[in-house]
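Chain lettering (A, B and C) follows the sequence in which the chains are written, and residue indices restart at 1 in each chain.
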Amino acid sequence: MTAKPQSPILTLITDFGLQDEFVGVLKGVILNHARAARIVDISHLIPPQAIGTASHLLARSYGYFPAATIHLVIVDPGVGSSRAILAIAADSHYFVGPDNGVFTPILDQAASVTVYRVDTTATLFKNISATFHGRDIMAPVAGQLAAGLDISRLGPGIAKNSCQRLPGPVSCHLGATLQGEIVHVDVFGNTCTNISREAAESFAAGQSIQVQVSDGLILPLDRSYASQVKGTALALYDSHDYLEIAINQGNAARSLGLAVGMKVHLVRQS
Amino acid sequence: MTAKPQSPILTLITDFGLQDEFVGVLKGVILNHARAARIVDISHLIPPQAIGTASHLLARSYGYFPAATIHLVIVDPGVGSSRAILAIAADSHYFVGPDNGVFTPILDQAASVTVYRVDTTATLFKNISATFHGRDIMAPVAGQLAAGLDISRLGPGIAKNSCQRLPGPVSCHLGATLQGEIVHVDVFGNTCTNISREAAESFAAGQSIQVQVSDGLILPLDRSYASQVKGTALALYDSHDYLEIAINQGNAARSLGLAVGMKVHLVRQS
Amino acid sequence: MTAKPQSPILTLITDFGLQDEFVGVLKGVILNHARAARIVDISHLIPPQAIGTASHLLARSYGYFPAATIHLVIVDPGVGSSRAILAIAADSHYFVGPDNGVFTPILDQAASVTVYRVDTTATLFKNISATFHGRDIMAPVAGQLAAGLDISRLGPGIAKNSCQRLPGPVSCHLGATLQGEIVHVDVFGNTCTNISREAAESFAAGQSIQVQVSDGLILPLDRSYASQVKGTALALYDSHDYLEIAINQGNAARSLGLAVGMKVHLVRQS
């Protein structure tokens, strides 16, 4: 993974918003290091300091990019502290960001993970501010990777088990139900849960299942939004094969009062 | 229109918003098919399922791009149903999106329109989800066009008259007035109507005209915002030569209570 | 500064928002003039007609881009009036936008400033609308610069002192305090003041200082957000070495009721 293509691709996930100059400045710094870089925004509207949301979006996006893409994730409540900056090679991709748990799905699930702790005393970094390590450390690191620097030159290799992890919600059997929870609400008000199709089908064991949310509302499990008439609430498997609660052409989170952290139960139809 | 330039240009119009990973994933898929593609966002803030708004923005933007640009429009309330995916060659541009009326202005007004219905059983598509045809069908189609695939290879040609159309508001003579309606409100609160300069000038027949909105408010027709003092409401022809209602350095929609669908009348000054 | 690199870089600052097609149209026009251009968004969420905010973002971003980058700034309440369009070469960068004060920090602080007034009667411009000079004048100018046009060909050189300036707030000594004011509130609710580290340290003259906001609240001056426990308000020097008021992992503007224009005082600790 040392030979770089002619036009390296970078992606950005931050909580910088779109109103200020922060994202543009990151891109300027990257282009100074790698003029041919192609920079793709994943999202800059991560809620401030919401490491879990950034992690969720990263896990759902990086695999759609070509091999050797560099994914820069800057949600960094610990800026100015001694938390490390990581550079990771995993699953034929690169990842750069703070060691605060945002890379949990990469560390836990990707193939062949190698982690480096960026040496911030290197001459690459000058005038590191106390408030904008995205600009002063992480963008130069990503830019140098895009310019072809071998990742092992950035600092010492460290054990992936020494990196911070987010506590992940897990689905579990609870009486005669399979219990999971809502982990993300998207812009349409569709709510994503942590119950995979695999876990649900294993639980169902060939029987029909229904989905129960909050205070007892029972939803049918169907194939697509359009399988139900407009305005109907349903459960379905989303495009990553996780259980989702939605309303055809409506906003399920708003209409049903759903939010991240709420429990969801699968029940077998009797 | 089969020879592609070295760096193909694609534009995107969606209702995916900017908070989730959806737009980034589209771009990743496109770059996998056409690494040299240049991707330009037109808007991702189309209100959910607002086909008419997407159609309005497409009509007002595509002509400013170089010939052979590929315009991908994903506002798709019918995702998961059997509605077709269209690939259209028209006016020296390409268009890709669902057959739900979003291409009405292209189908009705562009030169030399050829329409293909994308064959979604082709080997190009694998693992089509029930909820994200933008990622699984439309982005691969756009990416393949960018990579140089001849559009006629995507599926059978179909008659343009068999495609879905949006019912468009039309301006009409009503007594001694010309009646039109508000079709879009932009971020400044300027309101765009469906009355063209040509229709207005033909109606005026050389006389001065005024513009009447909602409950009788009469506005002068002037040349530019700055022709009136700050805070003054006026009508003028917008940058596409349609009648617009605005307030110089103010928000006309908010101040005058205007919204899409409201009637506007031209009257000759007596 | 006439030889252009193979892939010219342009940046955009506008108050066009992200919901309409305006930004996409600018990019289409630029790509028609300079197909290889790389276009970077700084911000399109400048509040409508907020020239001061655009100026602040420009001053804080342009220097992070490679030399010869073209910075297009379109916040233009005077569109349709006779205000001039400027093309400026300064500090090894180019700047294009209306003569309304938005370039004040460039005109006042950049090295070797040369200003040209764009001749809008040139054949480069056709069908100039009364409402969208960004599309009809400024994007073509930026595109032509990106395509290699010598800036002196755009129109007559003019004295930089003849250009519009914004009245800038200045910090000043007031009794035993140094008084400044809040000039920007960013997306995190961090508030930027006009008191530079240099001015503050000169005022401190080696003594410890504290920061007083609005109605007497006294804040410590510390090194980084993370130097204080979560939820604590503090003052610190931001990444441009100006005094900032923040709350570690919180929103200072909202929690402390701070807004642009409010006074801030430095006091020496007794």
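Things to note:
Simple rule for what comes next: a contact is a pair of C-beta atoms (placed from the backbone, for glycine too) under 8 Å apart; a residue touches a chain by one contact, two chains touch by 3 or more.
If you're wondering where the values come from, they're calculated on a predicted model, not measured in any experiment.
Fitting chain A to chain B on CA positions gives a rotation angle of 120°, reported to the nearest 5. Interface note: chain B and chain C, two copies of one sequence, contact each other through mostly non-matching residue numbers (shared numbers fall below half of all numbers used). Chain B and chain C, compared by their mean Cα positions, are separated by 32 Å. Multi-chain contact residues, meaning those touching two or more other chains, occur in chain A at positions 18. Within the complex formed with chain B, the chain C residues making contact are 16-25, 27-29, 31-32, 35-36, 39, 48-49, 77-81, 129-132, 135-136.
Put simply, chain A touches chain B in their complex at residues 5, 7, 9, 11, 18, 38, 40-46, 57, 60-61, 64-66, 69, 186-188, 223-227, 236-239, 244, 249, 251.
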